[in-house]
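Below: the structure, in structure tokens.
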Amino acid sequence: MEQLLDRIIAGFEAADIEKRKDGQVFFTVPKPKVLPLINHLKMFEGFRNLILMTAVDWIEDNQFQITYLLNNPDTKTDLGIRTFIGRDGEGMDSIHELWGHAATFQREMKEMFGIGFPGSPRVDEPFLLEGWDDIPPMRREFDTKKYSEETYFPRPGRETHDPATYMKQKLYPND
Amino acid sequence: MSIKDILSPFSGWKKVFDEPVVVKDPVNDRPGAPRYRGFHRNDIATCIGCGTCETICENEAIDLVPVQGIETRDGDSGLRPRVDYGRCCWCALCVDVCTTGSLTLSNAYIWVDEDPGVYRFTPGVDDMPWQREEKGWKKPEGNYEFYSLKREPMEHLRPEERNDSFAEMVRGFSKEQAMREADRCVECGICVATCPAHMGIPEYIRAVRDDDMERGLKILYDTNPLPEICGRICTHKCETVCSIGHRGEPVSIRWLKRYIADQNPSEKYKQILETGVLDKNGKKVAIIGSGPAGLSAAHYLSLMGYECTIYEKLPKTGGMMRFGIPEYRLPYDQIDKDIDYILSLGVHIIYNTTVGKDITLDQLKRDYDAVFAATGLHQGRSTRIEGTDHRHVYQATDLLRKVTLGEEIHVGRRIVVIGGGNVAMDITRTLARLQRLKYGEVRIITTSLETEDAMPADSEEVVGSREEGATVIPGWAPRKIDIAEDEIKGLHVVQCLSLFDEKGAFNPQCNFDNHRFFEGDMIVESIGQGMDLVYLTEGIKEHLEMTPRGRIRVDDYFQSSIPWLFFGGDIIQGPDVIHGIANGHKAARGIDRFLSGTADKQQTT
Amino acid sequence: MIDPVQKIFRFQPDRSLYPETGADGKPVIRLDSGKFIKVWQGPNHPGVTGNMSLELTISGDEVVESKTHVGYLHRGFEKLFERRRYIQCFPTCIRMCVPEPDTNEYNLARGTEELAGIEVPETANWLRMLALEMARLQVLLRMVPGQAATMGLGLGAQWGMYFRELILDRFEELTGGRIYHMYILPGGVRGMMPDGFRERLGENLKKIDGFIKDIDKLIFHNAVFRKRTIGIGHIPADWVDHYGITGPVARAAGFKRDVRKDYPYLYYHQINFDYNIEHDSDVFARFLVRRKDLETTVDILRQIMAKMPEKGIIRAETPNVLHWRIPKGETYVRCESSRGEYGFYMVSDGSMYPRRINLRGPSYTHAVSVLERLLVNANISDISSIMVSLATCPPEIER
Amino acid sequence: MELATKTGFVLLGLFIILNWGLIMAGIIRKIIARASMRRGISVFQPYINLIKNYSIRSQLTHGVMFYLGPVFRLSGGVGIFLFMPLIHDSEIWSNFSFAGDLILIAYFMFFGMLGMALGAGEGGHPYSAIGISRGLAQFTAIEVPLTLAILSIAFQYNTLSISEIVARQQGGILNWTLFTNPLATIAAMISFLGAMGHAPFNVVMAPQENPIGPPTEYHGTFLGVLQTNRAILHVIESVLFMNLFFGGASNWFELIVKTFFIYFWSVFVGMVFPRFRVDQSIPWLLKIPVLIGILSIVFILL
Amino acid sequence: MPEDNVKYPAEDQSLSPVNRKRVVIGPEGEDILVDPLRDYYCTARPEPELPRQGIIEKFMNWARAESLWVLGFGTGCGSIEIPPLLSPRYDAYRFGVAMRPTPRQSSVIIISGYLSVKTLKRVIRSYEQMQNPKFVIALGSCTINGGMYWDSYNTINRLDHYIPVDVYIAGCMPRPEAILAGFNKLKQRIKEGRGEGANDYIKNLDWYKANQKKIIKDWNMPDYNW
């Protein structure tokens, strides 16, 4: 594991290494190195299982984190590969040819985050939503509560009171 | 495929003659398991409406609504949770987090209706059939708490370290301790209304949690300009109503306040509080007395742009805070830290000037636009039993003042202290230290009318007194001081049965058959203090309205019937620092209303 | 045995005539040619597992193209978690997989504990195992005979539902919930076993032993069932890694994949059990793996009851859950659900709210990529049984 | 006998058969429920369902054939009834039985199915079409062994009249075709399994696989007609098999008992087996039962 | 789908390809123009079917109440409790409850919890294909006021804005016992002649359609599908 990590650091500029438990490491690589790294891991290091692939929205830094979680079923190790891309329509290279189910992940990320994966099969078809015309819902600037209240007729007539304010009003009405 | 594969499936018919396992009347026959999470019920007598259930509910299913018949009072918001069954998911987190343990779930689970509007009810108030159900989900047992019920222990000096010195006893929290203690708060806000100054307690506790001391200090100064002092000696009414205190120990709100103040160095105050430059509006206010009320008023008036002048009788500021409270509880440098900041806002202070003697009130009226009198209670009250006119019978306040001023006082070999309040404990512990310094041993008996659990003093004070060698014997009423050959021999006491009659008036009942004798050569009385209003001239007194109980009548803004004259502090509200601060703040706003003409009340004289 | 009569009557469609194969090797589907029908299975269809649908293009009785449509149960959990504190995520996340909610609870709790660095008391861990295995048992009691129900043999499923009710009764007693147990929360569990629980569970397990024998006779030794399942829905071995297939489906293809043994969590290393492997990788093999799992689960439950301490602390001390800040970091936690590896990818940004909790359920590939390919050239009568053999669970796909 | 009286008795017979069909359905459901540890529906639930379906307010049609489908189906069922002698040696309960009625009944058995096919096809639902094409294919396969069995007993008794066949079986249980021509009986009873719509030959209306086949679009009164037909058909086909292989009935009680057990045979098998796919069931039906049927003819002719 | 070689009328572009007009080659090679929206659905606006009077209606209502055929459409998590309902312990069959796989033959639809927008579209179609009289049972908090998913962007909050509801059952999810109690309530309602949800729907059709169209953004089906 340590040697493998050293190789990755040396060959693929891995940084920001987070090791929380045995057999699982997360690290960041620059975007151009991601596909070579994944290819290398799949071909030569036995990481032939893609567990998941997802995005995290870091709106503060104006970038998306894309995580690929690869697994080596023989050595029972997981590698979490992080990479950062811009939030403004910057796409990512597709890995649908390496794994059969990667296209589904990419299709979902396209729909939920608006990250493009050119070349991925059926990537532009809606996956979970139907007739969605707002911004992709998993982007953090999308306010689901506001959307829900505006769209779905919440029940009227509910009001609540903050105990501190209410008590001050009741006990010291003139304050 | 064998013949077995064709024949063996017919074994499926084997249950055809068995009795079916069907429940005959499932709607009525099958009660839920004893632990089943069904519909809500609430013991509204125990519930305090703290709203923690509302906070934890991820579905916003719980509203707090006022309920008829439940009055808002200290420690009870008068609100009760109302559950929207169009939102609830029966996770019972509200039960597990409930501070009082009043909210539970019954194991009833059938509620069917044609109208969606009915699925909204206040458990315990709306009569639901499951309210009286015994079974259901209750908070699990066995170390299952969502927040710690145990206080973070505060480090004190050990009795042997402190009993002969006036060094500060309480060490204060370290950062980790403060974070852990602040973490216990559930941010319900029940304490806010109970605090006379309505401090933003949940907010500053959150500042501690966020480790943002500057924000914390700002929140403190919104309502309380004496945080170092209050952080040490406040009577913390907030802690008595703290919702965590219903099942555990209340949050140490006072120590957290002290922690915030301690973390901020005094030289950064101006920068943090953004009070470097204050605009003046040219109006002047005179303040009599530099106690908490006076200082608080001076602080807020200065922030509003008034020019304040404080007239102080004694050579130092602080009033009772400095002269009534011993140094081991409230070190003088901490008093100075708070007061120096207030004075740095441009407040003038004139020491050694007694209004009424050195300067008259009428003169103040001429020189200033308004006068705020917060002269406090400095005159000790006497029990007026036989023998109190003896020279070795002292008033606790006098002795404490002299100790602070550094004057020599008489310390007897055996001392009896009468009184059960904090002042009595203060004098007991002060005298104990002096005795130990002078004689090497402590022989003090402190007696009070009230029984141990009814004593007004903080229990930690009582415990501290005992640790330091004093004997505290509550529940006895003084009858007579035994004097022989011009020397005090001791105090006769009888057992006190009750303090108040049915109407609530003070009327002690005693059992005269059960009496004791406390030996002593010095008696200290500490049963309360009175006010000294000699500075009020006759002309003013004529116009001044008094309450039937002999106090000055003031309105909500502490304005007396003479519009330019405001009263506040202990003379209005009784002895309490935090009340004094609150009065000062309110009076400052009242003075501002009065002077800026926004008051509803028109100036008549 | 070559049956001459069978040879005469064997139904063997002539695939050279239709559908025509295009240049790219894929069938050319022209709806207006009249040779194809477009049929939707689901969402309102008794043969699909839950609320999902398959868009099938069929030619005769054979499927030429299948597309999985999900999203009917999409509730946006991962968005909702952005607005919920860690403790509030706990009741919410459970709904991500309805038939077996405990794995969600466990993963969330374990992920939170890992990120916050909390040690869970021993008793609580044993109780967690108990809940997880009971959950697996109740799912298998539904699923194993349910395989036969997809082809019209509902008797075993009826019995299975009854024995599942017995386990649900125990759940109700232990956790206070019937389906959504909400039992395993960050820091520990929400209650000790009530008095007499062991004995009652022991009796139930005895009854379930008898039930397993019954379904062996009814379903396993059933000529028609075998005829309908053997050789149907064959998953080649090289698909397993290419599609990320896990759990019983991978085990039925001869792969040793079981999170409980590969990445031992809780106290599974103290439990004695083995991989249940089959090699044929068809519907029948998957049924057999589940059928063995059922026995294994009963056995594991007995071992847990024997090894579990009587008393103990059920929850570690945590910070006040109302404002619990989890340090910045990320982790992936997994456990073995009845359908395969069930994992949570959790990212914390140091605030009271999780930055991202992403669920990777086995159905994510089983029901979409694998099913779409597996159904090509399948008979439409077999769709339901293939789906159930993959144990697709739509809510964990769409969350 | 006058035609009017005859018609009256025929209608009365139809009424009895209909009611027995409904009650039998209830009893069978109840037995199935017991085997799966349930109590099951009340015996009269099929009546309530029928009334309910007739009292649905709105009907919608997809065209003329959609209307006529259930009517054809019902006339198929009633047609079998009309030419079926119910009670042996009873003038009034022998309906319009005549010398060649066996052929006519075999025709009517298919007639209903064809009518249904037209109606379901007009319904427009793809599952109707899939279901009915499967149904027709499978029913054809079912008819083959049945026809062979009928031919076998026709050769055996040298007649095509059901009344005659029943009469020839009188005089003791050993005279039943069951014992005199067991191979034909086996072939016929296997095809009976298919005709009754129970597993393993019920892929036509399999809810899990193509919900629910031909009647997908039928509702309300249409469905009521189909249910009525079903109640009649189940009994009357049982009566046919009773007459051909189990010695007929000499009174109503015997008819009720025998039809119940004959019908129960299909449930007895169907309850514990899954269903065949249509491409499995047709070869299977064309294999073993056909072989048995041919053997029975061969034996009879030898 | 061969979109490039078939020409569609311009106004059809908003529809999904399945619903667009197209030319189909018949068995004898002739071209048949298929307009799915016209050919597969009844496009006429429905009319309310008023109940009959007196004892006949009462008798019919009794039969309707005692024979509740439920559409087997598991719309949400609550559907996990429907199979137990029909299993040995609860055995809802004996109360006249049975599942039907097709909406045409069902008289009750159980909305088992939350409805995502995508499912709501199918629910509306299924509901409209059911025949009058038809009844709706709503399970759980989600149908009353959004439940757990009150702030979700994809689930509705109040079911009665989209289809008329007869009975609500509290719980998340309701147990089979509670669902049986709900059936009892529904039976009572039908027998009292108040189960007129189908006619209410038709009378307030414009309001319901407006609400439905507000959230179903791609309304690529006819307004009325019966």
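So that you can tell them apart, the chains are marked A, B, C, D and E in the order they are listed, and the count of residues begins at 1 in each.
Everything below uses one rule, namely that a contact is a pair of C-beta atoms (placed from the backbone, for glycine too) under 8 Å apart; a residue touches a chain by one contact, two chains touch by 3 or more.
Note that the structure is predicted; figures quoted are calculated from it, not measured.
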{"item": "Shortest chain-hopping distance from chain A out to chain E", "value": "1"}
{"item": "Chain D and chain B - chains in contact with each", "value": "C, E"}
{"item": "Reference chain A; chain at largest CA-centroid distance", "value": "D"}
{"item": "Chain of greatest Cα-centre distance to chain E", "value": "B"}
{"item": "Chain occupying the most central position, where position means C-alpha average", "value": "C"}
{"item": "Interchain centroid distance [CA atoms averaged], chain A/chain B, Å", "value": "49"}
{"item": "Chain D-chain E separation of Cα centroids, rounded to whole Å", "value": "35"}
{"item": "Euclidean distance of C-alpha centroids - chain A vs chain C, Å", "value": "24"}
{"item": "Geometric centre distance via CA averages, chain C-chain B, whole Å", "value": "56"}
{"item": "Where chain E touches two or more other chains at once, by residue number", "value": "72, 87-89, 91, 94, 101, 118, 144-146, 148, 150-155, 158, 172, 175"}
{"item": "Multi-partner residues of chain C (at least 2 other chains)", "value": "38, 45-46, 71, 74, 76, 79-80, 83, 91-92, 155, 158-159, 162, 178, 180, 218, 222-223, 227"}
{"item": "Sequence positions of chain D contacting 2 or more other chains", "value": "33, 35-39, 207, 211, 271-273"}
{"item": "All chain pairs that touch each other", "value": "A-B, A-C, A-E, B-C, B-D, B-E, C-D, C-E, D-E"}
{"item": "Chain D - residues contacting chain C, complex", "value": "35-38, 126-127, 129-130, 134, 199-200, 202-203, 206-211, 271-280, 282-283, 286-287, 291"}
{"item": "Residues on chain C engaged by chain D in the complex (per definition of touch)", "value": "3, 5-6, 9-11, 37-39, 45-47, 61, 148-155, 158-159, 162, 218, 222-225, 227-228, 379-384"}
{"item": "Residues of chain D touching chain E in the complex", "value": "29, 33, 36-42, 45, 48-49, 51-52, 55-60, 124, 207, 211-212, 215-220, 223"}
{"item": "Contacting residues of chain A [partner chain C, same complex]", "value": "18, 20-21, 23-24, 26, 48-52, 54, 56-57, 65, 67, 69, 73, 76, 78, 80, 99-101, 103-104, 112, 126-130, 137-138, 140, 142, 144-145"}
{"item": "Complex contact set, residues of chain D against chain B", "value": "31, 33-39, 268, 271-273"}
